[in-house]
Amino acid sequence: MVEALRCYALVAAAWTRAAAQYRLSLCLMILATLLITGLDFVEILIVFANTGRLGGFTVAEVGFLYGVAATCLGVADLLIGSIERLGDRIRDGSFDAMLLRPAPALALAAADQFSVRRLGKLVQSVGVLGWSLSAVDVEWTPPRAGLLLLMLASGTVIFLAVFVIGAAFQFVAPGGRETMNAFTYGGGYLTQFPLGIYARHVIQLVTFVIPLGFINWYPALHLLGKPDPLHLPSATHYLSPAAAAVLMVVASAAWAAGLRRYRSTGS
Amino acid sequence: MRVYLRVAWLSCRRYATYRAATVAGAFTNTIFGFIRAYVLLAVWHARPHLGGYDATDTVTYCFLGQSLIMVLAIFGGELDLAERVRTGAIGIDLYRPVDFQAWWYAGDLGRGGYQVLVRGLPPFLVGALVFKLRLPQSPTLWLAFAVAVVLALSVSFALRYLVAMTTFWLVDNRGLETLSGVAALFFSGMLLPLVMFPGWLEPTARALPWAAMVQVPADVFLGKHSGVGLVGALAAQAAWALVLLLIGRLVTQLASRRLAISGG
Amino acid sequence: MAIIEMADLTKSFVVRRRAGGWRRHRREVRAVDRLSLGIEAGEFVGFIGPNGAGKSTTVKMLTGILVPTGGRLRVAGLDPASERRRLAGRMGVVFGQRTTLWWDLPLMESFDLLRRMYRVPAQRFAANLQRCSELLELGELLPVPVRELSLGQRMRGELTASLLHEPEVLYLDEPTIGLDVVSKVAVREFLAEVNRERGTTIVLTTHDLDDIERLCPRIVVVDHGRLVYDGPLADLRSRLGGERTMVVEFGGAVPQIQQAGVSATRLGGSRLALTLSGEANVAALTADLVGRGDVVDLTIGEPDIEEVVRRLYAAPDPAGPVST
């Protein structure tokens, strides 16, 4: 694990140094990413230009949901996002080059084409999150702040795991990148809004099957004092770390299985 | 004329080979369709007759948008044009004895035709299975919708063509491409129906060319226009398409002159 | 103990071909079929075979990218399939057609990254880099981004990168492809030097028979996944026969030649072109010519190596390997 992080850091740093040569272009790209991802929040603002509440949530509360989900996705995307191109790398042979190194293949694949440009999304989402923290009607006591940090950490891990599972899927189905996007960016989009607006089956799906609901929704129910449409026990509100841990286990198993299959069948 | 038909057909065939990516893409579009549908339903729950739409209208609108997103190439691209300019291969293209812009137009229509079936139908059908959707009631309306989609694709092509042609002057036009994609996403009504746009934003958006891409065909489909109004809506689309294509022709002239001078 | 040991190494793939419509037709393909081979430390082996012979599959198994279906494989005492990362530190790989370096970074940065990844002690790294720089004239290339290097320059960079951590085994896959003559010579001399100076075992996969001729005392030929020949190039030539040519220029009259296995053709002037088949006795023929005629000049040509290998590739699937 330590070796994986070390190799990841080495490669990511090298890519950052390379990008830093084009400082102006990089700044422009960060700005562009900021504007594009900012469109997501503009969408929310337009929704609230037409209604005071969405699924019982005010604009600040939805802003909070959005801020957490987008920040978690943003961090995960920054750290491991380029792994979505695994299919391309398998096809052009550069993944084989990674297997020749004395380093864990996942670390190298995750760090390849590491791009600081993705910070743009993060700047925007942290901004919205910051605003929402002051705008919602919540008293931020230490335990509540702790729960918030736990949310952010677990949410990021959940998204990281989804990226890895998506990548592992590309060992089996090289066209799987688009499908993966449906879950990563689709998942991010879905959790921006209160899960209460979705059909019951959908909420169950993102609670029990693909635990995206634990990224922001369940802890938020506690923090914002909202009722649970599924009427689950209140302990559910604190289960984010458990969901993250379970998904991490699934992700490592998926990656190991995918890599095993790749090494026995070639490409 | 036959040449262009052939170009369209070949383009169609080419896109048919990307089977796996197409299926996965249709899946993604369906997912996003569902998410958006629920969000819109929640808004319409609070404002049942927002902008003259009812809940059924808005869900239909949503799935129409997702069906058309790839057909109209809302995010941009789908034209190798920019890449060919960058590599210099464009030199050959400009000296072919066919109309340059028409060539690319035919190819794009072929692509669009294929994607209407393969990426357009599935999300709409899945949406229709789960939600109640509004379908055109008369054959005239279906025909009008078909015309509207072709015109929408034409407007989309004309805009993408212009953006791609800027490569002759700006080698790296990725920034412009991204900006153009964002504008299209927002102003076409893809993200949210233009009826939801507050205050002055709505009429402004409707006046822009992008509205011709999603909002107008959707309104035709939903039967929001009839009689003279319908003809007017289609005419507005056609006008935008014409203007943008003509600007495209001018730009083509300038580009080939530039190529001749600077030697490619 | 040999540094590379292969015993009945096998790799099969299941290939699915579409048989019209949606049906799939399964077929098992043996890319590598019971290959047995031993390579001692310090050897320089050429690995050749027609396209699709199983060469790159074998190298992928040696480097741990692919896991064998059967047989036993050991490199430096390790099993590549299960100890990929440990083995990685003891081997180097160069691909002719793909780069293993970081495209946008200056060459030196790639080297530095590798130094840290492979944990090469600073002094050893500096010494290795220095030596490679001298031999390959890397000097001004170090600050240049890899994408701006020419093919020849990039290849010199790749060779250096593969040796910075002092691997015991070096695999090269078509390193001279697309290079100009000067670069090819530089690469060949470098490889010979590395093999000589450090005793690095080198396995060279190539289609360039000049490379083989100049560098490899031993060649291994595979076809259809099986070993077809394993031994010195010279033996391969004589074994497969192949005609040698002799051109003789006479000062005076051109004598008649009557010898077994020799056919003569009169060239312009006083020159004779002789084709000698395997059974011809060169010594006797030369003595005869010198005795009977006034020999001004005499040249003997070896059978064209391309011809030799072509015959080998064209030979019907042999019952067993030909080895010395």
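Per-chain residue numbering starts at 1, and chain names A, B and C are given in the order in which the chains are listed.
Operating definition for what follows: a residue touches a chain if its C-beta (ideal position, glycine included) is under 8 Å from a C-beta of that chain, and two chains touch if they have at least 3 such contacts.
If you're wondering where the values come from, they're calculated on a predicted model, not measured in any experiment.
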Most central chain, judged by mean C-alpha position against the global CA mean: A
Chain pair with more C-beta contacts, A-B versus A-C: A-B
Centroid-based (C-alpha) most distant chain relative to subunit C: B
Geometric centre distance via CA averages, subunit C-subunit B, whole Å: 55
Centre-of-Cα separation between subunit C and subunit A, whole angstrom: 48
Subunit A and subunit B, separation of their C-alpha mean positions in angstrom: 30
Parts of subunit A lying in touch with subunit B, wherever the complex brings them together: 28-29, 32, 35-36, 39, 42-43, 46-47, 49-55, 173-179, 181-182, 186, 189-190, 193, 197-199, 202
Sites on subunit B touched by subunit A in the complex: 19-21, 23-25, 27-28, 31-32, 34-35, 38-39, 41-43, 46-47, 50, 175, 178-179, 182, 185-186, 191-192, 196-198
Contact footprint of subunit C on subunit A as seen in their complex: 7, 10-11, 14-15, 17-19, 92-94, 96-97, 99-104, 260, 263-266
Subunit A-facing residues of subunit C, complex: 13-14, 57, 60, 63-67, 69, 81, 84-86, 88-89, 91, 93, 95, 98-100, 102, 104-105, 109, 113, 116-118, 145
